[in-house]
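Comments concern the structure below.
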């Protein structure tokens, strides 16, 4: 009995590496600490009532943000481990299989479990406020999305200590990701972690499309909608069109592994190259899904801090929607080197280049928003200004990569690595950070400290160039991605060392940001006005932090940047005060079902990962029961009485 | 924060970094920028054209950013114009919709031209020599059908002669890359891809696998030695005279996951490469660049009995003739 | 768009029923978008099937094993069930709950027999030696047809839930919306089946 238990444990748990034992111990200790604190301060009820069952988009946004920062930490540690291994030739810090697992989890986590939730966090924190709405279209579904993401991410991260991490690259190309070459549960963790959170992403896409189409404040025509909301709309359209392809693709991969199907196998008539096509039909739109909302953030930030109307609003709208369409016609540029016919290659090379046009137009429009403005260099603006040169260079190297015959020389080299990190860090990360700094006071009621933020900013920026500029050069030196080691004879060592130093500078930048957040909770400048940046859009018209129903009175919109108009009219005395009439507010009730359902998905996912059918069945039955129960729930919303609204508003300093 | 100086300093640093990389590009370690054959030369020229065209955008935009950020900073003494409602100018917008369009059009022209050019023999005057490349876990097998010799993790070619590489795999997908001679192409099981490369002069070059294949991937590097035709013939003779023949069993050993040293064989089993390709091409139409290796389609359960059998090939060819457009298997979703 | 904006202007809070209806309309729109995503899901599976439809790998072909009479029967059954779900909507519009439930029962029974036929077809195929792991073609076949079957089965459970709610609560804006979305879903599955029947079975035996 004892022996068989021991055998099970050695197969079930990841063993053999001190790093992993360390992680196991720290995970266990953290869990114990959390349980202890929650019990000691009697916070279990609070946790359940206020957070786990919430359907408030702002709280869901905050939970997304916290989760994404944790994932940024894990993905960042992965990155630093890789950079240490590559700092010198022939280093034996990590073994090949361990290194392979680390770059796989780094890529997967950064795109799917860091960028996506940070983006959804921003959607949730901002869009309803910007539209003058009291919540998203489907608050319950919104909570389902979050918890599916959360449990998908947990399932994926569990592979670090149980069963073994996936190690076939972040997109798990078959045949490498098939049973023959990647036996064991690692790949299954990859599949089910993504699958479960992917269902949540799909639901978020639907949710925000309907929110944007139907929940805008009266008078806000589509062409009077703030640019960030437009970018969210563009992103969500891409989500609903791209994510079903991902769902199908990885489900088929799982069928290959679990049921012995032959979709992407080498034998039995399978076609691994079909996987490449399918995964990139999702994968390419995916990068635009994450970058377009960043464009929206820059548009808001630039206008606010240049104190000037956004230049070329119509062009900007056309550009984000154009990018959404074009993004579906470029997928094959990820494998120009597959030996396809010249016609196909030429087509995809040209469509890829076309994307540069709307993107370039956006850059010019941001520049000319600043032109003849009055620029103040607050943190959100700093990140935006840093973004422009970084993204211009990253975009240009993207155009270089789209030159198909030249791509044969860049493909899978560090030139490519440098390019996509430059657009993803320079575009997505800088953008989301700008957004977080910008909207932080609205969510939490205080600003993040400028001085610590400046440290974070400069370390990130300098670190970025020190890390990735050498990688372009390494690409020209023929260094291939995913090498866990290299020899002395290639001349790669100086630039690799420099790159590692840069990575640690960025890591230090992140540490400063964590410090900044913890410091600012106590000492950050409080926002008592609700409008700390002299903002232009509706979210700044309500108190910070926003009350749970957002708007005591639904605003009447007349113009783009409507709050700016109101402020101007008040300043020059033309503002007509309309009689305010408070009414009971219709709000959704909290529900524990999204959480419970996601737990069931987690159980099912864990069963699928280990190919324990009984467990998968139990989990799926649980999911079905929760859905059944929800279908019979009719008492799902309530009205907030006028008195309560009046009291809440008074406590926030607004008298009605 | 000390006004607008910092962002500009940052951009200067970026420019300096970029410039140093470009200058350093002359060093011989920069294999991509040191073309040693016509294919790599074409690609080098394209890289340079694209860098120049991109610089036409990058440099003015970065300069403009620095200027605007400095000029319109919000400080008490700044007398720059402030027009908070100036947000539209058709003239300006037309200009910056057109700039990228023009640049893309120019770049697109060169791209399309060379995409077609590189599909063909780069040196029309000389008959190309054929070398078959197989990616295994984790080593490269090169078979020379015209010389009937084979090597592992080592490639020798005559200088001045275009080589047509026919590339496949019996392992996860890899990518065959000799940067100084030209760009890479995937090595995929059940398919043959084609790549022309030529070394203009004798020399030694690095070759490597560029697509991740698992544990031993980083060790899939090989040397490419280009010699004069005479020396090459001499080497072939030597190999034939001094090294062992490769048997079926030898190949089965090689195929097993693991690393390998440089090996040479005086011969290899006839039709080995074709057999490797056909083993995984059954059941779906096979893509190649349209060479003579088309359609080694065989029924899976018969694969042991008749590898390379003429009759079997003929029959299957006719059965699948309708799927014989190139690229059927490459971009499956598009062609159906 | 304008419509909704106007509704808001009139102040929805006072008119509870009205606010509800607004909300239910919102859910129908969301369901349409869900159907778009489901369309893409099936589109991807069809594309996969199209790529692999000749990859028999020495195993049996569709032509050898498909039995059209059974498939034509299930097509007929599913088409009829789509018609009866339409009749259910008509009954709902006339406000007749009993008739509505009756037609839903008929629809569900037809759906159930469709599933029964599909199960017996799959059993037959497995018996003949065509399984998920026989060849790429059969993997694609079972996945495509099976995914449709799973959709129909989910629809059946949903239908039962809605019938129970109709009995308990009668016709309210909420139950009306549920019947509407269910019937959208059911028609959608019917359309998918028509494509499936054409691409998989008809083209398979030709």
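Note that the chains are named A, B and C in the order they appear, and that numbering of residues resets to 1 at the start of each chain.
What we mean here is this: a residue touches a chain if its C-beta (ideal position, glycine included) is under 8 Å from a C-beta of that chain, and two chains touch if they have at least 3 such contacts.
Computed from a predicted structure; not experimentally measured.
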Considering only mean CA positions as chain centres, point out the chain farthest from chain C. B
Between chain pairs A-B and A-C, which one is joined by a greater number of C-beta pairs in contact? A-B
Chain centre separation in whole Å, for chain C relative to chain B (CA means): 46
How far is the middle of chain A from the middle of chain C, if each middle is the mean of its Cα atoms, in Å? 33
Residues of chain C that touch two or more other chains: which are they? 47, 51-52, 55-57, 135-137
Return the residues of chain A touching two or more other chains; collapse runs of consecutive numbers into ranges. 267-271, 274, 278
Chain B: positions in contact with at least two other chains: 282-284, 300, 332-333
Per the touch rule above, chain C residues touching chain A in the complex are 1, 4-6, 8-9, 11-14, 19, 26-27, 29-30, 33-34, 36-38, 40-41, 44-45, 47-48, 51-52, 55-57, 132-137, 139-140, 142-143, 157-158, 161-162, 164-165, 169, 174, 178
List of chain A residues in touch with chain C within their complex: 137-138, 202, 205-207, 209-210, 213-214, 216-222, 240-241, 243-245, 247-249, 252, 255-256, 259-263, 265, 267-271, 274, 278, 554, 583-586, 624, 628, 631-632, 634, 639
Footprint of chain A on chain B - complex, ascending: 1, 3-4, 6-7, 10-11, 13-14, 17-18, 21, 24-25, 27, 29-33, 40, 42-43, 46-47, 50-51, 54, 57-58, 61-62, 64-65, 68-69, 72-74, 78, 80-89, 92-93, 96-97, 99-101, 104, 107-108, 110-112, 114-119, 137, 171-173, 175, 177, 179, 182-186, 188-191, 193-195, 206, 208-218, 279-280, 282-284, 287, 289, 300, 326-327, 329-334
Touching residues on chain A, where the partner in the complex is chain B: 96-97, 100, 167-169, 173-176, 181-182, 266-274, 277-278, 281, 306-313, 315, 332, 335, 337-342, 344-346, 349-350, 353-354, 356-357, 360-361, 363-365, 367-377, 382, 385-386, 388-390, 392-393, 396-397, 399-400, 402-413, 450, 454, 458, 461-462, 465, 469-470, 472-473, 475-478, 480-486, 490-492
